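Letters A, B, C, D, E and F mark the chains as written, and numbering starts fresh at 1 in each.
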Amino acid sequence: MHAVKRIEIIANSFELGKILDSLNKAGVHGHAVIRNVAGKGLRDGHEDLDMTMLDNVYIIAFCKPDLIKPVVENLTPLLNKFGGTCYISEVMEIRSIKCVASL
Amino acid sequence: MDGSLIISNILNPPILFFFLGMTAVLVKSDLEIPPPVPKLLSLYLLFAIGFKGGVELIKSGITQEVALTLLAAMLMACFVPIYTFFILKLKLDNYDAAAIAATYGSISAVTFITASAFLTELGIAFDGYMVAALALMESPAIIVGLILVNLFTVDEKRELAWSEVLKEAFLNSSVFLLVGSLLIGLLSGEHGWKVMEPFAQGLFYGMLTFFLLDMGLVAARRIKDLQKTGVFLISFAILIPILNAGIGLLIAKLIGMPQGNALLFAVLCASASYIAVPAAIRITVPEANPSLYVSTALAVTFPFNIIVGIPLYLYGIELLWR
Amino acid sequence: MDGSLIISNILNPPILFFFLGMTAVLVKSDLEIPPPVPKLLSLYLLFAIGFKGGVELIKSGITQEVALTLLAAMLMACFVPIYTFFILKLKLDNYDAAAIAATYGSISAVTFITASAFLTELGIAFDGYMVAALALMESPAIIVGLILVNLFTVDEKRELAWSEVLKEAFLNSSVFLLVGSLLIGLLSGEHGWKVMEPFAQGLFYGMLTFFLLDMGLVAARRIKDLQKTGVFLISFAILIPILNAGIGLLIAKLIGMPQGNALLFAVLCASASYIAVPAAIRITVPEANPSLYVSTALAVTFPFNIIVGIPLYLYGIELLWR
Amino acid sequence: MHAVKRIEIIANSFELGKILDSLNKAGVHGHAVIRNVAGKGLRDGHEDLDMTMLDNVYIIAFCKPDLIKPVVENLTPLLNKFGGTCYISEVMEIRSIKCVASL
Amino acid sequence: MDGSLIISNILNPPILFFFLGMTAVLVKSDLEIPPPVPKLLSLYLLFAIGFKGGVELIKSGITQEVALTLLAAMLMACFVPIYTFFILKLKLDNYDAAAIAATYGSISAVTFITASAFLTELGIAFDGYMVAALALMESPAIIVGLILVNLFTVDEKRELAWSEVLKEAFLNSSVFLLVGSLLIGLLSGEHGWKVMEPFAQGLFYGMLTFFLLDMGLVAARRIKDLQKTGVFLISFAILIPILNAGIGLLIAKLIGMPQGNALLFAVLCASASYIAVPAAIRITVPEANPSLYVSTALAVTFPFNIIVGIPLYLYGIELLWR
Amino acid sequence: MHAVKRIEIIANSFELGKILDSLNKAGVHGHAVIRNVAGKGLRDGHEDLDMTMLDNVYIIAFCKPDLIKPVVENLTPLLNKFGGTCYISEVMEIRSIKCVASL
């Protein structure tokens, strides 16, 4: 077990591509995405799962602590422009070795 | 108009289910159409209307009448956002004005479908190529809207967004599926229609009914947003559709459209987009406030059109075409 | 009864797919109907049955026969939860007894639908207004159940819940959609039916089949819960439906219902609610244990009714009406 | 970046309205809701996504640390009555400024 | 072959929607069929084809012709994975070779369905019992694949997996629903078909069309994976289907199948599984790389078969059966 | 409030049964499961929500700190064999008393 950081981002689904790109550029290559998240934030005053374009995504990415700085630098302008929130916390990772034979 | 048109419109199952959806929200029932079913219904409706339109377009061919209609459609799609922008600027900032203008310059496919169902009910003929007009009117307003934002605001970074704007305008899923289905309808013709008919035609009213049930739920949930939008926008959302439909009818009369087509054209002019344009605007003009441009289109203009507007515009046609 | 009724019932595709679903769970196949599809199927079935019922009700009108039937339905919906409550109290506490009593006082729309499909198969006529009886029998048991809880337990805070109870009883999504569709069917009549038929009638058996496939999966998954419920509840879940159907048939005979209607009435009396009532009870009587009232209705009474009950009650009718 | 608290609630979907109300009353105005969560807890001994009324919701809300006390006070009676669980943890928030022009 | 077969195949709405899906990904449209709709479509298609096959099987009965066809199907399902395994071993390790071999030994139901739609278009008859051949060919390759892994690798713990392998092979949701629906079709016969027809037949093309739209999206998204797979696997994914179809046609000719059946048999031999087998392999041979066995089957073989393969094999039949 | 551990597991949906079994054996009896999670990890280089068999599940389980050791021991071989990731973090639990009348 070793310490890593957990990045949680909640944003409108149309931002998903841009956010994953910027995570990727910051060196964070793994992520999980939960779709169809309803919510209420500063910007939009209502539950907004109702139409196609207004649902949020919840993105989780775990990464090494030293990647947090570039991640934050990359994400902040995006979130400022299009909305969304980002939180960071501490977790322990259980290392696992993958068994893919060939790539 | 002796009200009988409105009543025969209201007694249609799809419209009644729209009311049922609104009622469910008002009485706080927990009725809901679970996601992603509404999205599926809207994919189905776009597919069915596009495919059928394509099949009928290949039958009718592209005559001068068709060309004139499509031209008129393009014109209105560019003109409406421009003039409404200046009306909206009286009360709103440039971003919101452009966003709402784009919304009203574009169209609502479901309003169109409801109108064509209404015509079918009344036995008034209309042409399949009106779907091509629908398809043509979806995108231009998005582009006009962004041009207006660029002209009236100073923002360096906006330049970069053009490729994205074009993508949003012409490749968003609604436009893409509608145009794609239209083209496939053109290619597969009468023969393709025969095998698809039970799906594309048989289910049509039922799917529309369920979709309108959901729209009733959504529109009613949005009603509380209207408090924030204020009287100006609410009147805008009722009067501008009537005005646009009026202009549309005059143009239709001028170029000699048959009555059925004229109604559909008026409905296209009068309707506002609540899916494709808001999605595009959210990305290209993030400064605009979504609850303004979505709620007016969805909670005022959409119900107004399907309940009062469609029979009203038909009444206008009866007067004008007499 | 020479078993031929049971066999002709079992050889129906919907029933066979119910078995297929059960088998899938027993042999540990990973077959599943992904959510929210089951919910969509149930919305469709409620819509279709309500709409069709409304259309037929307007055709038949509200005669004395109809009024008597609806009265009998109301009566059974209030009487069944009361007497079953006292039976259940023999072994269970007040909360669980009231919850299960409410479940059995209400009805299962899918059991009703399966029975009407069975009648159609056999060519036995029944009246559209039976759907109104179905609608009337959904809610009263919830209210009776809560009255029983209030009478037999002492809990200060419960008083406050009445508005919520009424909301849960009359505005929960199942009741709301069914009644709404019925009213819309009444309003739009024969004319509305024509456009909706391919959707509301053509797909009906297929949707029922898929829903029963899912019900088979769900019921089989619940079977292991039955270990906790014990022999008392399992016997209850088989014997009470038979008893209720018997009482229902006597009443039906008394007021002179035709055979088809009598079967549907018996099935309404015999069936137990596994969606609307549990949802309401969970909110209004949170002290009751859901796995008791859901599992008995879902894993015992529902399969019993659709497999054995329906043909059995029809056999009873053949004897009584002879 | 500054420290905030993360509230996670898992409860039956019928409680959603009540829970959001009580968060709101405690001063927590933002939240995200994930529907169709299956689960197993103390109360119900089974995976229960199968029927309409038995699915859980997973509610996440981030808030200032001083709001935790009223949140807990408001939520506890609800969870005691209808079931459900609530957990609180520490996260860092990436501040973002929203760019809505007018409201 | 004057290309007219390919063109009349391509101008089918389902195939055109497959292209539309691919185009959507290529031009970066945000069109998507939201989950779980694709899964629902595939459940529907398996149900519809199985049920219809069962109904027709009971009509035709199990003659010697049927028995010979089913035998040939079993044979090819076992033989294909063995010989392709050794071809694949030239470039890949044992795990990947066995996984891909299993994929190509099994079948793709949607390719089969597309081929039968094509035959219907052209008015060429085929027998319902070919669905039984389809069902028989789904599972054996999974088992053969695992035997190959066991023979050619040394891994103590693998022994334990046999019960899981059999479960995955015969009880995975695709096989289970197909076989179940087939049996229910057998049991309920012509009579059951009558009530299910609007659902099981009427919607069939439409559902296939939407499913192929989704397959187009999926296949195009997978195309970038092909860079990793390399030229060897891409050529494999085109040449082996042709070879398998060729062998299939020879066997079909030998045992005297009629032309329609022969085409379906060739398509079964030529197609590769992209749902059932990958799911099973992922569990039983986790060492194999999913992007190899999924992408070849999905992004190369599937499009090749439905666009070029089906008309090509029919052309082969025209030559051979002359 | 008292401290517990939060276990987060992201894995392919076919592993769900095995993972819940092994949590159960380690003494962790409560959990919540979110289906249809898209993602990208070490093993598979793509968003893979597209077909039936390739979607991930996101499993959350809260448990007493002393259960972490057996959980990790049970899970590691599974994750090594079939892929997936596991993270552990600290949270505070709001105790709630359930009101089920009888079981």
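Assume a residue touches a chain if its C-beta (ideal position, glycine included) is under 8 Å from a C-beta of that chain, and two chains touch if they have at least 3 such contacts.
All values derive from a computational prediction rather than experimental measurement.
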item: Fewest touching-chain hops separating chain E from chain F; value: 1
item: Of A-B and B-C, whichever chain pair has more C-beta contact pairs; value: B-C
item: Maximum centroid distance from chain D, chain identifier (CA atoms); value: E
item: Farthest chain relative to chain A (centres taken as mean CA coordinates); value: C
item: Between chain D and chain B, distance of the C-alpha-averaged centres to the nearest whole Å; value: 37
item: Geometric centre distance via CA averages, chain F-chain A, whole Å; value: 19
item: Centroid spacing, where centroids are CA-atom means, of chain B and chain F in whole angstrom; value: 45
item: Contacts with 2+ other chains: residues of chain A; value: 34, 36, 47, 81, 83, 89-90, 99-100
item: Multi-chain contact residues (two or more partners), chain B; value: 35-36, 39, 173, 198, 202-203, 228, 286
item: Chain E residues within the chain B interface of the complex; value: 11-13, 16-17, 20, 23-24, 27-35, 37, 117, 121, 198, 202-203, 205-207, 209-210
item: In the complex, chain A residues that touch chain D; value: 8, 10, 34, 36-43, 47, 56, 58, 72, 75-76, 79-81, 83-90
item: Residues of chain E defined as touching chain F within the complex; value: 35-36, 38-39, 42, 173, 217-218, 221-222, 224-225, 228, 274-275, 278-279, 282-283, 286, 290-291, 294, 298
item: Complex contact set, residues of chain F against chain E; value: 12, 14, 36, 44-47, 49-55, 81-83
item: Footprint of chain A on chain D - complex, ascending; value: 1, 4, 6, 29-35, 60, 62, 89-94, 96-100
